Amino acid sequence: METSSDPVASLLEVRGISKSFGAVRALQEVDFTLRAGEIHALLGENGAGKSTLIKVITGVFPRDAGIVRLGGDEVAPRSAKAALKAGIATVYQEVNLLPNLSVAQNLFLDRQPMRFGIVREGEMRRRAKALLADFGLDIDVAAPLGNYSVAIQHVTAIARAVDLSARVLILDEPTASLDRHEVEILFGIMRQLAGRGIGIVFVSHFLDQVYEISDRITVLRNGRLVGERETASLPRLDLIRMMLGRELAETTSTRAATREHQARDVCASFEKYGKVGYVAPFNLELRHGEVVGLAGLLGSGRTETARLVFGAERTDGGQASVEGVPVRLQSPRDGVRHGFGYCPEERKTEGIIAELSVRENIVLALQAKRGLHRPLARREQDEIARRYVRMLDIRPPDPERPVGLLSGGNQQKVLLARWLATSPRLLVLDEPTRGIDVGAHAEIIRLIRELCDDGLALLVISSELDEIVTYSDRIVVLRDRAHVEELAGEAIDVTNILAAIAADGGAAAREGRA
Amino acid sequence: MTALLPRRGLAQILALIVILAVDRIVSPQFFDLRLQDGRLFGSLIDVLNRGTPVALLSLGMVLVIATRGIDLSVGAIMAISGAIAASLADSHGLPIVLAAALGAGLMCGLWNGFLVAVLGMQPIVATLILMVAGRGIAQLITEGRIVTFSSPDLVWLGNGAILGLPVPVAIALGMLILTGAVVRGSALGLLIEATGGNARASELAGVGTRAMILAVYVWSGVCAALAGVIAAADIMGADANNAGLWLELDAILAVVIGGTSLFGGRFSLVLAVFGALIIQTMNTGILLSGYPPEFNLLVKAGVVLAVLLLQSPKFSGLAGMAMRLRGTKA
Amino acid sequence: AELTIGFSQIGSESGWRAAETSVSKQEAAKRKVNLKIADAQQKQENQIKAIRSFIAQNVDAIFLAPVVSTGWDSVLKEAKEAKIPVVLLDRDIDPSGKELYLTAVTSDSVHEGEVAGDWLAKTVGAKACNIVELQGTVGASVAANRKKGFDTAIAKHANLKVVRSQTGDFTRAKGKEVMESFIKAEGGGKSICAVYAHNDDMMVGAIQAMKEAGLKPGKEILTVSIDAVPDIFKAMAAGEANATVELTPNMAGPALDAIAAFKGKGTVPPKWIQTESKLYTAADDPQKIYDSKKGLGY
Amino acid sequence: MKGLPPVLITAIVLVAGFALCAVQFPNIASTRVVGNLLTDNAFLGVVATGMTFVIISGGIDLSVGSVIGFTTVFVALAIERWGVPPLVAFVAILALSAAFGAAMGAIIHVFDLPPFIVTLAGMFLARGASFLLSTESVPITAPVYSTVSDFALRVPGGGRLTAIAMIMLIVVIGGALLLKLTRFGANVYAIGGSRTTASLMGVAVGAMTVKIYMLSSLLAGIAGIVFSFYTSAGYSLSAVGVELDTIAAVVIGGTLLAGGQGSVIGTFLGVLIQGLIQTYINFDGTLSSWWTKIATGVLLFAFIALQQGLVALARRPVAMRAGAAS
């Protein structure tokens, strides 16, 4: 263990922090030092304790032991409000903002420009617009935040924190739902803030980004500090070893090459499928043993395509067939009945049922599919849950834990397990690796391939183009809520996707949609 | 035992014991039991017997609340089913009387469920409609009178005994077991909890959330109807004006005392019934105490708050902290 | 011309109230008066609204069965300004409003309590007697008055003592529940000599409770209650109840006559038309009274 | 393109309902009836304004009816029996009710208990306390009372805008401004959106909760004073069940019980819709007690269904965009 010892430059000092949730020791005597003007990556596997450390620092969770010093003075904020007052601004991982309030209100909540006790609405909107403009966003700030996509919501949360950060800015997985362009903008702003002497804590599972932006790295594992290093002097493999405590199994990078192409049976096909104002009619064929990737910018209509395919949204016309038989997909139940599965991108609101246990969350879809009268015996449930907890390495490996208490990445694994348990023929995954650590990331990609080899049809959405090209057999590119291009075989590579996205007015679409 | 009453039932059991002890203090003969005409007789039996309507209501209510709903109409449904049962009792056999009364409850539940699940109304207003109109319907049936009957079958339902236990108590016990068997024996329980925990996510997992919501309101209607029949059988008459009046609040209270959150999700049938018993133990204690009735509500308010505080994890946390503080000072 | 009269009725909280409503309708029909009944669902604010809308509709007279004695001044003033005579039915209002209404057709509920108390004192004689009391709804003026009257009547007799008093909300179910507790609290009911209930409905419930406890109401335990609804006569006929004090449901009849005289010849009626508080006991052929009362809409 | 806001739809429903009633009973379309509507529902408008804040913040307050009852008794006794000047009595009761609300808010926050039940206990407590003060109704004869209850601006057509109606309008307008224009109002919406998120964003959720219930009880206290003007009396059983009327008015006004959305103006319209239903039934005058209840239920259903239908229609184009955003 090595810690920084230059007291002059250290802005935020955390010493000997411990935190337990009942029997779970989320943090044990963790030290952490943030210097003024540096960008410091906080890394670790899912459940390592990153988010907990952040919440302890900002006083959301009371700590069991340890001290926090800000600029040399000991601080013990009792609430997020107090932390803000002390100059620590945070974007938390899961809960972002308030969807029922306008974008402007979200940005200026509890610090609106006032005159005579009255909020200056116009002034607030003007400032909100200016603030978001820095992030390349030109949207109606008077509209409720909930009307916008996750990405925009995330950018808004970041913009708020950036605007608030007096001394320390903490970003817990800010880039999980952003695409490259937005990440670039964010990094630009982070560098600018660091230049002004603000210390930035950056949590991410994207190691490329970590190497691109951070000055130093602190790694946690199982709630303990593993070490602190200069980014420049830490080889990537060493970093992974620090995080996992073991070597990462090699993953082959291209899939198309390793698999022979042969005509496969069609699992499901969609003709002239679409919905007015939602996504333009498209044709799509999904085959057994094949991964189809959906690529596109944020807001290009990938999620919409996925929801139509699964039956979460009704089509205006067109025809769907499963195994060649025409079917009607009116509701998710229909989708489930035909052997489809769907992991939504909004894990918290559309995926997990926080209060229920890991076991119950896993068996839910299977039970819904079997119907009321054929309840899974408790023994079967336990067995299914145990199997997937082991298979996906869900941590902590306690099937009776409420899923809401798991770390974000582990919640994602539970959702995946929910659908795998139904032995689906078609699985639709919307951003399945978002917020997942390197180890689990590799695991999920391996799983996607395995499922594919077992004859499953997969439709996968990912903003990670590098990732999507490694496992897709075909890639459908979307732009402006329409399917514009399909790439297959040799044509699958990042450059081609980017070219398809950018073709005539792609950039215009990005800027102009407000 | 621990399987039946989960650890979270501890606070409720403790509360019940404390209230029973207080009852024993205000009324020394509280625990006396004797056999009277083949029927157990004593204050404890009164608690069970008088607690029956609310216990039955809470059996339906707890499921409704588990889906994030609420059913304000149960009192009115009691009045309707009681009125129907009383009007038919002297001219028809018990099976027909029961079928008609419970059928009416079922229809009421269906109506509530339709408004909530299909029309998407907010449960509190959706059921407020039937709360208001339903009592009117009941009064329409009785024309505002107390319709009396003498059919021995129906009277037995209110005043008879099975193995010394009052029939209503046996019925409530039977309903608890039946509901438990249906809900926990099938996947209903899980799917209801999922629906209440996160309806959108459950829907996407293929759960028929509408059907779940419809089902719980129907069940609540049936339970309320049964409670109404029993209430009518008890006084050998249907009092549409007063039967079940304000009992919806008691039922909700019972459910919450039983540890089920008004925000839906996890529920416990046994503890909801326990909640009903706690309320009735308190009520009976008040009646036995001999205090002037002006104090009734104050006592009730105090007990409710105390029971809730006992359950609040924050409270035990604070209490623990206070203890530790005192410890360090000493 | 045919008279139109607005009647702001309290609601339908008991069989007696239902009977009052239906008797009012019958009496109005007899006199060919157009009676508009607005039901207030037990809420004073609804009664005030109803009176206001009667004024807005320019009715010939207003009948008011006030849910509470106070709070009528301003709305009755409005009626006075609009020159619409008001008659109170069944319950009186606060004295300050005396000049705001034409007349009140009511019984004296304090007196009712007294009649009940006097009967009990006379029946018991000199032996000691523990009484349990089933009160009406807490806060209801009728309940307070019937308690007061009864208390005054028995105060003169040292051998009579109210040992327990609890509210039964004027309902059968609560009457039964409260009586059950009284029996338990008074050693199985052995020490109870009489039950006094503020209305018959509670008494009917109490009688059931006593029977279920193996006691003999009407014989071992005396009963006296108020209202004279049909079911108490049935109990009397069966020897399970002893006495009741009548509160006639026909308040509208005298009121209609008074209005007719006032409108026709300008006769100003007396300020208070008191109805009789008649005592009925088992000696009054309860079965016959039961049969005659059955059809009145109780 | 944006579709009609819910408040406008509620207003349309109210006007349409009023027109329908007026077709059947022409007398309804008079300034007198409109004036009565405001006067008769003044206390309801005042409590409903407070309830709107509570419900938007995701809570509920069942104690308001009892607080009104307690207030009337307290004021009556203070003025008539204890000889306190009316103004002092008002100040005292408002302080008392505000403290009562604050206590409920504090319990809800500190012990993390459901508002439904805490305020239910509050309802028992306030009602029980008014029984203790006096079980009989106490007339108030202080001159202020007759002055205030007789005061009214006369409008052509027999209409009267009474003092208590004016108090209600002031409270409604004040409440609407407080909710829409101030930081406090924004925080109410924020807490209703999500308590935890609001807290993470730096809103002092605990203090807000206390203030919100304090406001609700304070307004219930004002409503109690209004009620005492309305009836010139204090009575321990007054305003029983008013909490449900209030909640219904708020919800009819388009406020979501789940919290996070709603408006005071909508609530005001909801109060008027309920008043209109009552007026219609009174004008009809042929309904027995039971038909009154059934008709109230049916009309309630009709209004809500109509409103929901219109909202769904108006939302349609918006819904697509909202759907698209998910």
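The chains carry the letters A, B, C and D, assigned in the order they are written, with residues numbered from 1 in each.
As a convention for this text, contacts are C-beta pairs under 8 Å (C-beta built on N, C-alpha and C of every residue); 3 or more make two chains touch, one makes a residue touch a chain.
Remember, predicted model here, so these are calculated numbers, not experimental data.
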Comparison of A-B and C-D (more C-beta pairs in contact): C-D
Chain centre separation in whole Å, for chain C relative to chain B (CA means): 33
Centre-of-Cα separation between chain B and chain A, whole angstrom: 44
Whole-Å gap between the CA centroids of chain A and chain C: 71
Of all residues in chain A, the ones touching two or more other chains: none
Chain B, residues touching no fewer than two other chains: 139, 143-144, 294, 296
Residues of chain C touching at least two other chains: 12, 18, 21, 138
Pairs of chains, among all present, that meet the touch criterion: A-B, A-D, B-C, B-D, C-D
Chain C to chain B touching residues, read off their complex: 12-15, 17-19, 21-22, 135, 138, 164-167, 169-174, 176-178, 180-182, 184-185, 187, 201, 204-205, 208, 212-214, 231, 297-298
Chain D - residues contacting chain C, complex: 27, 30, 32-33, 36, 40, 43, 131, 135-139, 141, 146, 149-150, 158, 227, 230-241, 275, 278-279, 281-283, 285-290, 292-293
Of all residues in chain C, those that touch chain D in their complex: 6, 9, 11-12, 18, 21, 36-39, 41-46, 48-50, 52-54, 56-57, 68-74, 77, 94, 96, 137-141, 144
Residue ranges of chain D touching chain B (in the complex, touch as defined): 107, 110-114, 116-118, 120-125, 127-129, 131-132, 135, 244, 247-248, 251-252, 256-258, 288-298, 300-301, 304-305, 308
Chain C partner contacts - residues on chain B that touch it in the complex: 27, 29-30, 32, 36-37, 39, 41-43, 46, 50, 139, 143-146, 148, 159, 231, 234-237, 239, 241-243, 284, 287-288, 290, 292-294, 296
